[in-house]
Amino acid sequence: MLLLIAGALAVLSVRNLFVATMLLGIVSFTMALIFISLDAVDVAFTEAAVGAGISTVLYIGTLALVGSQEREKSKFAPGPLAVCLAVGAVLYYATYEMPRYGQPDNPVHTHVAPRYIEDSPTEIGVPNMVTSVLASYRGYDTFGETTVIFTAGIGVLLILRQRRRRKKEVTTEDPPLRDGKGGSISGLGSAHDLVPHVISKLLVPFIFVFALYVQFHGDYGPGGGFQAGVIFAAGIILYALVFGLDFARAVVNEKAILFLISAGVLLYGGVGVVSMLLGGNFLDYNVLSSDPVAGQHLGILLVELGVGITVTAAMLAIFYAFVGRPELLIETSTNAEQPGKERN
Amino acid sequence: MMFTLETHVLLSLIIPLLGAIGIALTSSVPNIRETVTLVTSVLLCLNVFSLLPGIMNGAEPAVLLAEIVPDIGLALKVEPLGMTFAAVASSLWIINSIYSIGYMRGNNEPRQTGFYICFAIAIAATMGVAFSGNLLTLFVFYEVLTLSTYPLVTHKKNADALKGGRIYLGILIGTSIGLFLPAIIWTWTLAGTVNFVKGGILEGHASAGVTGVLLFLFMYGIGKAALMPIHRWLPAAMVAPTPVSALLHAVAVVKAGVFAVLKVVIYIFGIDFLTTTGAAEWLTWVAAYTLIAASVVALTKDNLKARLAYSTISQLAYVVLGASMATSMAVAGGALQIVMHAFGKITLFFCAGAIYTAVHKTEISDMRGLGRQMPVTFIAFLIGSLSIIGLPPLGGSWSKFYLMLGAAEADEIYLMIVLLVSSLLNIAYLLPIVARGFFYPPLGQSDEPVPVGYEKSDFSWRNIQEAPLFCVLPPVLTALACVVLFFLADPIVRLIEPILTP
Amino acid sequence: MTALSSQFPIIVAIVPLLAAPICALFRGTTLPWAITTIISGITFYVSIQLMIAVIQGGPISYELGGWAPPWGIEYVVDLLSGFMLILISAISTGVLLFSRESITREVPDHQLGLFFAAYLLALTGMLGICITGDAFNVFVFLEIMSLSSYALIAMGANEDRRALTAAFQYLIIGTVGASFYLIGVGLIYMMTGTLNIADIAARFPEIEGARPILAAAGFIVIGLAIKLALFPFHVWLPNSYTYAPSIITAFFAGTATKVGVYLLIRFIFTVFGVNYSFGGLELTDILLPLAVLGFLSMSVVAIYQTNIKRLLAYSSVAQLGYIILGIALASESGLMATIVHIFNHAIVKSGLFLSVGCMFYVAGSVYLKDLHGIGRRMPVTTFGFVLGGLGLIGVPLTPGFISKWYLVVASIEHGGVIGYGLVALLMVSSLLAVIYIWRVVEVAYFRDIPEGAEKKEAPLSMLVPTWLFIAASFYFGIETTFNVGIAKATAAFLMGGS
Amino acid sequence: MSFGFFNYWIFIILLMIGLYTVMSRSNLVKKMIGLSLFQISVFLFYISMGKIDGGTAPIVVETGADGMAPVYSNPLPHVLILTAIVVGIATTALGLSLVVRIRETFGTIDEDEILEMEDKD
């Protein structure tokens, strides 16, 4: 716990952004461990994959593009500090009448939640309650969540696929690509290192298998579409890092990715629509099969698949967009008349 | 009568609006466009006058246009006072249209289509003000009037126009939204209605103090009544072409202001209620002050239109004075003043415009001897002046007479003195213009269109260089009307009598 | 048909959502636009049907996934949310009709598919927020709306690079706001054990004195205040509105902040209840000064702007002050003023931004210095702008007048020095509005047309929707049975519901 | 458990650090990092309230050896936080992509410098 605070303070004070990013990753990872101790295995899984994994990759990808040194300036900001202290004080004030931590008779545990704990195994037939709540009781939230990822994917594509109008600066901005410590990841691959090549070749299939396991085993253990998607994406990203972006593109090209992002959302929504057509409410899986429990099973399976597809594709899209950015710039500067035809 | 009274009421609004559309459609052919204007104005006038017999018989046609706020709609209701106002405005519009054509063409003004459209809309708004059935409707049309006249005021689109337009809009919108509107809403929360009801609606709902504050809000909220110190917009509006000044700033707009004052005093506060609370005491003195002060300022102005503007401010104060004395005679005097002053003042503006069209003079000191060149114009000017001063046998004498009676009724000796002094001041600032015109020799300077060598000669037909016929005819007509009105005072008083007797 | 109509609540949100991925896949300029417009039209139609159903039969509840609340997520359509649905979908449709010509100029062709997908997602987010009955679901849709809006605003970078920083600033502030909201909801969940808004409201009286609830209320109000750009949390708004593509500005100006206001009303009146909000929390004391400061200071700031979009953006913040003022007065007439003004301001402001969009289309700039004599270059557009501006000022026959009327009524009812003081301040603020609108008018009509500027109107496909908004604003300013009637019923419903 | 509100306090401190980073740092990436920190702290808050002493992860297991039905922690906050994490990563991705574009167009990612440049625009 104290490690968290130490980590956070370090993040605040460190001036090198690369280090800060790493520290953030550590904080996330510690957080994941704490989540496990708090019985939140699913969340821990996700936090580890996302907070410590994907987001770190994204940060590094960004730093590679923008440079990693914060400007030398130590400033003390009394205004923000006062605001923070005020916010903290309000919360601290609030804690005094909060229900005691971990007590079974807290309102959180007595209202609503018992239903999930007691009835979900019979109503849904899925042992992992988190999955059943996620995909069924609050399935719509998860649909929203998938949409959020979809939105992020679209948004990143919109923003990073824009070509700049001012072309003259392009050449001067290339150097930062190699300045930062993460320079080597910028899509070109570590062409001469045999060891990583072999190891990753060995690893990638296992990662995919593991991802599939997580995907379809989410009903029983921790995991599910989201985590699986992240892992799947991580596999491809690893591949891209080692062999270069072009190879990865050969495996999954960007058009396919865009298609997949959409397909995932549509699959999820489609399940909902089908359930509507079958006379139930939106996302009412009971009607999907003659047996409600089997229907729930089927529904959750499909929905999780949809989540998995969208997450994988969106993560890849974001990754490609970041890593592919420099190419795009060079492309634009040399080929301004036909802005990147092949990429569309 | 072709239709029911209600239809005629509606038509009064619709005719000018249709006219505006017609003008827009025929903008490419000036002759047809002007014909549309004239036909519209004649139709409107006929329409308004077709209401007259019904109103004389005590009918009160009402029309609900729309409900803006629950329980308060845009409602039209014709009562004698509004009838009077509408009749004056619509009949003067015909004359003014003729005059506009002469003036606008004579001066080759640009953007004439826009001018006529805005003019028609302004007239529609005036009709709306005249026939409004409640405060809200009055307010709505009052604002429409302000906004539709803004393009007219700034017609010249130069720096002066811009500045004048700013003052015009700033004061009128400022006071109406800042004071008038809150007063309306306040009235609504107090009385639960804002309908114009004979005898007032506030009695029993408001204490003396609140009444005083409300009256203050109303009187200064109705900026168009040009009470000092919010009179600045009226001189500012003189940057407009003269037909605008003539009809709108001597008749429609300013009269809408004082008309609103009368309406508020009579139908919202109630004459008796005001008398008993004495809340209007201060208003009397403000009006009296405005009356004198504006006259004095008028004396100092060399620009003819500016002088007329201050004269208007002073004359408007008569109406407010009449309202504030809150006796039936005084209110009758106020109502008469609306009519009489309208004809008198429009004559003067027409003359000012005719002079400008003919010789492009705006300063009084440059107008020496012009009477010999433009005798008809100057005689009309003389008649208008006399009417405003209040000499028989001209219409203006009646309004002054009733106001005096009202002051006497209220035992206000000082006010009678004020009225007397003011009449003297009127003489002092109006008659010298005529006197210079006729009795002084013309300026012998080179820019004087009268050729050197003729300046000592007496009147001769060869010297006459009047403005175009369309510019000269209207002042003659209105001057005649001033005379005629002297004999028509009785029917007008009978028309508005019902509102004075509770 | 009955089967379908029983699904209407979900259809409203789900149709644009599902259309978004489809739209993202299409290339070309026409198809994505056509899809988006049709979809938006469908939501508009469904919203109206829902509203009719609500008026006839009371609030509608829809259980997602067939799970009864509070276990499942519930969609609730009552008067307020129905009203918001209609407003949002109507404005969206109108803006889309306009967008065809405008957006092809401001956004590169190959991105239009994605652009409209993001637009649909923003629409989904707004509709979802308004219709859901679950506090956490609100957060999810809030984020859908926000994320897509960051991206959409950043699209303005094609014209002005400052769009990027504006979007980034909005992202940071918006995320902090959303997180505040999340903390607030967490605290409430902690105390009540439920996330369903109706359920929270039902359990609220038991725990309303507790400190965490106080903190929760604080976090939610502040979080939402950030989202709705209440002064002094408005810093993100002027930049975002200024640099976003024209149609995005028009769309968001009418809807995005209004959604925040909707949530605030929901929480203050439905969840916390009037007694707690204004008795326990003294929200009046907090919101009222902010609202007043907001509309006064922002109107003044608006006067000094040299960019029309920025001027209107500041005016938006000022107008939000009016809206919040109505809430702060905590009376039925105040609330009514708020709801009426949400509606009126949305229409007027969207119309204004669209007319500015026309100007941009022709003149290529929205700086006052480049728009000299625009009133003569583009008479139709500029006249529309002037009429819309009159609506902002609150001239009678415009909807702004209706709003102002009720605000003043509410202030007078509030009584005392504060009430009458407010009346005076409201009037001062209206006059400030006159000044900033008239600055534009004078530039438009009194300055000489620059050399070489051609006299040309925007294409009809842009003019017609613009005038649709302007005409609608006048319609609702005169025939007020729809907006005022619903507002009145809603206000009574919300005040009585506590 | 001995540490009563300890988790909540950690949450508060983390939140304050995150918020302070967002507000005080002018480097845009640092701002994003602060924002991530801020969001992570909220996750901790939610998960903490779902915990029950002696509880276990909310996945159905066979009845324990002692014959007692196992106590599960509340799964609902977990679900909520799963969603929130996704939202967090989505925000981060978008924010960072904006940073990249800002760096390209302005040539810096320092807010103060950007503001200076904007004033010149």
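Which chain is which? They are A, B, C and D, in the order written, and residues in each are numbered from 1.
Assume a residue touches a chain if its C-beta (ideal position, glycine included) is under 8 Å from a C-beta of that chain, and two chains touch if they have at least 3 such contacts.
Remember, it's a predicted structure, so these values are computed and weren't measured experimentally.
Chemist: For which chain is the distance between its Cα centroid and the global protein Cα centroid smallest?
Modeler: C
Chemist: Is the C-beta contact count larger for C-D or for A-D?
Modeler: Most C-beta pairs in contact, of the two: A-D.
Chemist: Roughly how far is chain B from chain D, centre to centre by C-alpha average, rounded to an integer in Å?
Modeler: 71
Chemist: Distance from the CA centroid of chain C to that of chain D, rounded to the nearest Å?
Modeler: Roughly 29 Å, centre to centre.
Chemist: When the centre of a chain is set as the mean of its C-alpha atoms, what distance in Å lies between chain A and chain D?
Modeler: Result: the chain centres lie 13 Å from each other.
Chemist: Taking each chain's centre as the mean of its CA atoms, how far is chain B from chain C in angstrom?
Modeler: 44
Chemist: Which chain C residues sit where two or more other chains touch them?
Modeler: Counting only residues that touch two or more other chains, chain C contributes 136, 140, 143, 147, 150-151, 154, 157, 183, 189-190, 195.
Chemist: For chain D, give me the residues that contact two or more of the other chains.
Modeler: 15, 19, 32, 49, 76-77, 80, 83, 87, 90-91, 94, 98-99, 101, 105
Chemist: Find every residue in chain B that makes contact with two or more other chains and list them.
Modeler: none
Chemist: Considering every pair of chains, which are in touch?
Modeler: In this structure, the chains touch in these pairs: A-C, A-D, B-C, C-D.
Chemist: Spell out the part of chain B that touches chain C in their complex, as residue ranges.
Modeler: Answer in residue numbers: 65-70, 74, 136, 139-140, 143-144, 147, 154, 157, 161-162, 166, 169-170, 173-174, 177-179, 181-182, 185-186, 188-189.
Chemist: Which residues of chain A touch chain D in their complex?
Modeler: Contacts found on chain A: 1, 4-5, 8-9, 11-12, 17, 20-21, 24, 27-28, 31, 34-35, 38-43, 46-47, 50-51, 54-55, 58-59, 61-63, 65-67, 70-71, 73, 75-77, 79-81, 83-85, 87-88, 91-92, 95, 98-104, 106, 108-109, 112-113, 116-117, 121, 127-130, 133-134, 138, 141-142, 144-145, 148-149, 151-152, 155-156, 159-160, 162, 164, 166, 169, 173, 176, 220-222, 226, 311, 318, 321-322, 325, 329.
Chemist: Can you name the residues of chain D that touch chain A in the complex?
Modeler: 1, 3-21, 23-27, 29-30, 32-34, 36-37, 40, 43-44, 47-53, 55-60, 71-83, 85-94, 96-101, 103-105, 107, 109-110, 113
Chemist: Can you tell me which positions in chain D touch chain C when the two form their complex?
Modeler: Of all residues in chain D, those touching chain C are 15, 19, 22, 28, 31-32, 35, 38-39, 42, 45-46, 49, 76-77, 80, 83-84, 87, 90-91, 94-95, 98-99, 101-102, 105-106, 114, 118, 121.
Chemist: Using the touch definition up top, name the residues of chain A that touch chain C in the complex.
Modeler: 90-91, 93-99, 106-113, 115-116, 136-141, 144-145, 147-148, 150-152, 154-159, 161-163, 165, 258-259, 261-263, 265-266, 269, 272-273, 276, 279-286, 339, 344
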